[in-house]
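One chain, chain A, links the two complexes that follow: it is found with chain B in the first and with chain C in the second.
Coming up: the complex of A and B.
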């Protein structure tokens, strides 16, 4: 091996004929044997072996991105520390964070004192971990990471509610900015006309801080608007009497759990009692929204997933019969059923004979849905108030009884219309359910009025005083994190 | 507004050799056995403005016109086998199982609900930012020269080339469809 050329040994490493560590050790042992030549004044054995280890990791991992997404780079430039990459549903398709190749994500609230007490379970108990709850999805890993205090903020993506859904189920704040405000450069595209990076934090102020860092035109993403954006500090509203809150009546669906419904009512009454004008409004095309989303999403996915052919990056199978055979096998191995199902559905809607009746039709319905929102905001409403999810988090064993498409249709029901209209929306945790689990409500704002939206959300957050999750039993000696005076400091601002 | 053909009208159209030939052939390819389904399909064909003259045979290679029938699959109806094959070809992803085909059919049935919305005179919406200008960057090279980094992520490279297997022989997936189509 040592006698080969650089190119040859590089190929051998790639093909796994030899590992970096083995190669390194061969060199080191030969250095020792030829010590009498006096060629080396220092042999950096430890450094070399460490680098060989790192190199091995790189070969194992497969894809290492050659660049940072703009949103990541912006955070790093402001001095943020990257704690890691979080788990999700594969290609952000799902509303449970259960369909990823690294396994499902568990909701930290499954282990909270609040939940366990209600279930009359002992706090400890590895063997009682069979009934854990889902986080929601698809950015469930990010929501769980923030909820469990492992980081101060996390990024997610939001195409149909993937940031707001897990935020609601994990009791954290999930913000979907206006489409065009935050750069999508580096965000693997799912639906180019609806995707945005999402922000997850434990309080609204933090979400505003992160948004202030991320928002703004990016010349690498031509769908970001050119309007100047400056970071802002959210005012602390004391007077909501000038606000007009809209309650869309079509969001009162039969599947909505009674607990969420009653909290929604309670929130509306809260605004009213503090002087805001609270009115019922209508978004007439709401019932078609999820269908429209389904068609547009699968169609764009069919196109966007075409780039994964195994040739330039990512998984590649061993078949060498022909290019198309290789593509097909690579994609069969590399994509799970959910992704493949959406690609095939999308291709169906894009067939020549179906294009007009499905894809174009959905685009027309999209306009009707977007217009519904425009009409409501034009009638004087500042912010809409809706549930985020149909219910609190459910156990994993329950969730997997239905397939991904059904669950996504249920999970996204209140959130996807916002993506089709490109509006900003935020999920704010309100209260615990009877089972001790978080329930969040969604605020929807006018396009590019993210600051106003967050101001209202911040007022609401202060009013409801959502409880801190109590994870002492499983956190062991990190109990100082949860002392109440720390919590009250952060809320005092 | 919709044309309601009586069964006799439909049969007459199917029987007429000259005018009804294309219509009849198209309808014959629809696989649903039930009279109700046929009538609905016939209405769709008769209503669609650009419905006539659709090619009948499917061409080999990408971009060929599908002969899966001009009308979309009926509610709760099956997706024709040749459409399944065509989709696998276009997507380069195979269905893999009967369940996957059933899921597609459910997805299509779900999407069919859109028909109930009146979209006469409504323009399709492609982007929520349609009222804004799309600005282009000046056509100057500002970055690049990263061939090494880009090549690093590929499994098979030879010098500065990505290596692909030769040819375009299309793979035969496990047959779920009953098509006599030759590719």
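Coming up: the complex of A and C.
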């Protein structure tokens, strides 16, 4: 290896024929053997090995994008610190954060005092290590990171609920801004016409603050609106009597857990008791949303994933019989079953003979779904109140019993129509379930009325006083500092 | 970005790749293939007989051929259609590639205003209806030089539709009978060009150059209103002139800025159209005409021999002069079109619909572009005919040869000679010399000024026409000398001494009394003989019209 050129060594490192540490040790041992040459005055063995280790980490990281997403750059420009890249389902396809190449994300609430205490009361003594809960997804890593106090805010993506769903299951605030308000430049697309960068924070005010930084036209994203962005500073609402809250009757589905349902009713009553007008509304095309989403999502996925052919970047297989064989093997090795499945169905829907029957029809249904919301908002409703998820977080072992498609269909049921219509929506944690796990509710606003939506969410947040996660066991030594911090946070509320 | 490389370990395997290179894709056509001869390739139109296919043999049906064209013209713009990368023909490989061009995940297209304006101008010049709203679509296929796996094009609602292109073909013995024709234009759409694949046979690898990936193309679709190779080639030439006049494309076929695919079928008149074939990647006007005429003949022969025409894609082998089917393993491709979700509909305005207070940088006004349209070739030709009394076919030749019109106009600026004489010299003598040596106008050793000076000498009767030809030859051969220098060195000036000439005339008549006699008897040709004799005596340095006058005067006195 030492006789090769830099270029050759670089290739060998990339292909994993040798690791940086091995290469470094080869050099160091030869330096020792050739000491008599008196070539080196100082041999920085430790530094070199440390650098080799760092280098090894870099090779493991895989694809490192050569540019920053607009949302990331805007945060950096404001002086925010970037702590890292969070975990998710592969290409954001999933609702559990269980289907990623880096392994599943575990819900911090699995390790909370609140959950563990309830757990102990139950007789069946399952092994707790294998009984951890999912975060929801696909941006589960971001939700877990915020929930476990490792950072103040995190970004996610939201195509069908990927920000709001894990926010609800991890007990944090998850905001999906209006489509076109926040730049998608740098966001790896899932469904371009529905994707929005999502914001995960521990309180509504923080979400508004981050949105204030991110919102606005980006000349690199032609789908961002050009209108100047208004302030997102939230007033403290004291009077909700002028508000009209809509409760979509179609969201009362049989699969909805009774606990979530009762909290939803409780929330509605809360608004009513404070003088808001709470009315039942109808979004008649809701039940077609999931199947319509399936067609549109897989079609755009098939198109968007075409670029991952192993030529310009990312994984490339060793097969070189022909270009097609190389493509096929690269994509078979590089994508998981979920991604490959969606690519296959998407291509089927886009075939000339199927296009009218599937894609065009789905687009028409999408329009009907979007119009449902327009009609409701035109009738005087300010904000819609719905559940975010069917139930609280479930254990991983339960979750993986169903396939990804079924799980996604269930997970996205309340969140995904919002993406069809491009509306802003936010999930706010309301209370803990009997099991001691968070349950969130969703508010849906008018397009580009994100501020109004968040103002209502902030009022609600203040009323419900959602409990803080207690993670003393994990925190260990930090727990005392942590407790103090929490005290001050809760005082502010 | 490092050059993405596809490597092939086994030489025999390269063949597979070479095969898919000829896939049935639009926007393809590398200039690495057959080229026309040198720079003049794009300027001359094949001189094929009109519709050879239509001659019926005894007892047989008549055949009619139908030809439609799809033309890809690279837009002349500083940057690419959807990215800020520069557009440059001969830049080092992969030096003009943005993150978007390499399809890095998360990058988004941003439409280039200049490309939209070019499409609108071209649409207006081709009498198209400009769609105030047009849409972009993705057309999918896997190919090494198409990084995104799809091309952004305008399949559903293109920027311009329903236009027409007028062109003229010349028929008759001397090809001086003008027939004006029109081909309808179905649509003009904006789309991305692909990159280039370079197959390195020696090392059995394929190298990808993405410099061209994402350059703006205008796809102009001509309805099947043509019936032979010459018509198609003439129509393409006229389109080329229009694009060049507009400045919307350099439209140089040799550099791949203009690429043509032809759809061809034959049928019996009055019967439904036949099955068509598509001949791809024709990159010179001459090959275009040849390929079409070959394909028409092939189809007729195939059908007359009881065979059938397959709806297939063929390529033209310029060495053998025939079309051959492309081996397309996968059969008909399904491009799985989908609306491009990252680009909102493209909206255009006219003065009436322009929103009040709109930022001029953000909107495109069709009326404003219409006002800015430059003079089109048709008008230029009409002006030439009117201004100089030129024959229509001469105006065509002046425009069809690259740089010839400018040369002509420069000569006109500096000479006092009659336009007719200048036209004749430029089109016959000058162009003749160029063609003989296969040179472009820009490579001519004779400058417009030199020709203008020569024509002045001729006009002032300082030299004779015959002497002028000699001077021109000399100018061509030894650049640097002025016509005046050549005239004086070679002693080619006409005799200016009238008395001496009178004497010569007198002496000649005296020497040839018989001819004078003939003349007096009324034989009109006798005077020509006398003129010839006098000219011979002057060593060709006298103007025959002057001699004639003198002789006639002396005879009548």
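Keep this in mind: the second predicted complex is superposed on the first by the 410 of 493 C-alpha atoms of A that agree within 3 Å, B and C clash if a C-alpha of one lies under 4 Å from a C-alpha of the other, contacts with A are read in each partner's own complex, and residues count from 1 in each chain.
As a working rule, a residue touches a chain if its C-beta (ideal position, glycine included) is under 8 Å from a C-beta of that chain, and two chains touch if they have at least 3 such contacts.
Model, not experiment: these values are computed from the prediction.
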| request: In the overlay, answer first, second, both or neither for which of chain B and chain C A:383 touches. | output: neither
| remark: Between chain B and chain C, more residues of chain A are touched by B
| query | Is A:291 touching the first partner chain B, the second partner chain C, both, or neither of them? | reply | first
| Just chain B (first), just chain C (second), both, or neither: which does A:299 touch? | second
| message | Looking at A:187 after the superposition, I want to know if it touches chain B, chain C, both of them or none. Which is it: first, second, both, neither? | response | second
| query | Which partner does A:352 contact after superposing on A: first (chain B), second (chain C), both, neither? | reply | both
| query | Where does A:276 make contact in the superposed view: on chain B (first), on chain C (second), on both, or on neither? | reply | neither
| said: Output check: A:69 vs chain B and chain C. Expected answer is one of first, second, both, neither. What do you get? | reply: second
| request: Figure out whether A:179 sits in contact with chain B (first) or chain C (second), or with both, or with neither. | output: first
| Looking at the overlay, what does A:196 touch: chain B (first), chain C (second), both, or neither? | neither
| remark: Where chain B and chain C land on the same part of chain A: residues 66, 193, 219, 222-223, 226, 302, 306, 309, 311-313, 320-324, 326-327, 347, 351-352
| remark: Contacts from chain A onto chain B in the complex sit at residues 7, 14, 62-64, 66, 179-180, 193, 219, 222-223, 225-226, 285, 288, 291-292, 294-295, 298, 302, 306, 309-314, 316, 319-329, 331-332, 335, 337, 340-341, 343-345, 347-349, 351-354, 357-358, 360-368, 370, 403, 405, 409, 420-422, 447
| note | Listed in rising order, chain B residues that touch chain A in their complex are 54, 65-66, 68-72, 79, 83, 86-88, 90-96, 100, 103-104, 106-108, 110-111, 113-117, 119, 122-129, 132, 134-137, 146, 149-150, 152-157, 159, 162, 164-171, 173
| Of chain A, residues touching chain C in the complex | 65-67, 69, 184-189, 191-193, 219-223, 226, 299-300, 302-303, 305-309, 311-313, 320-324, 326-327, 347, 350-352, 355, 359
| What part of chain C is in contact with chain A in the complex they form? | 1, 4, 6-9, 13, 16-17, 20, 99, 102-111, 138, 140, 142-144, 147-150, 206, 208, 334, 336-338, 341-344, 362
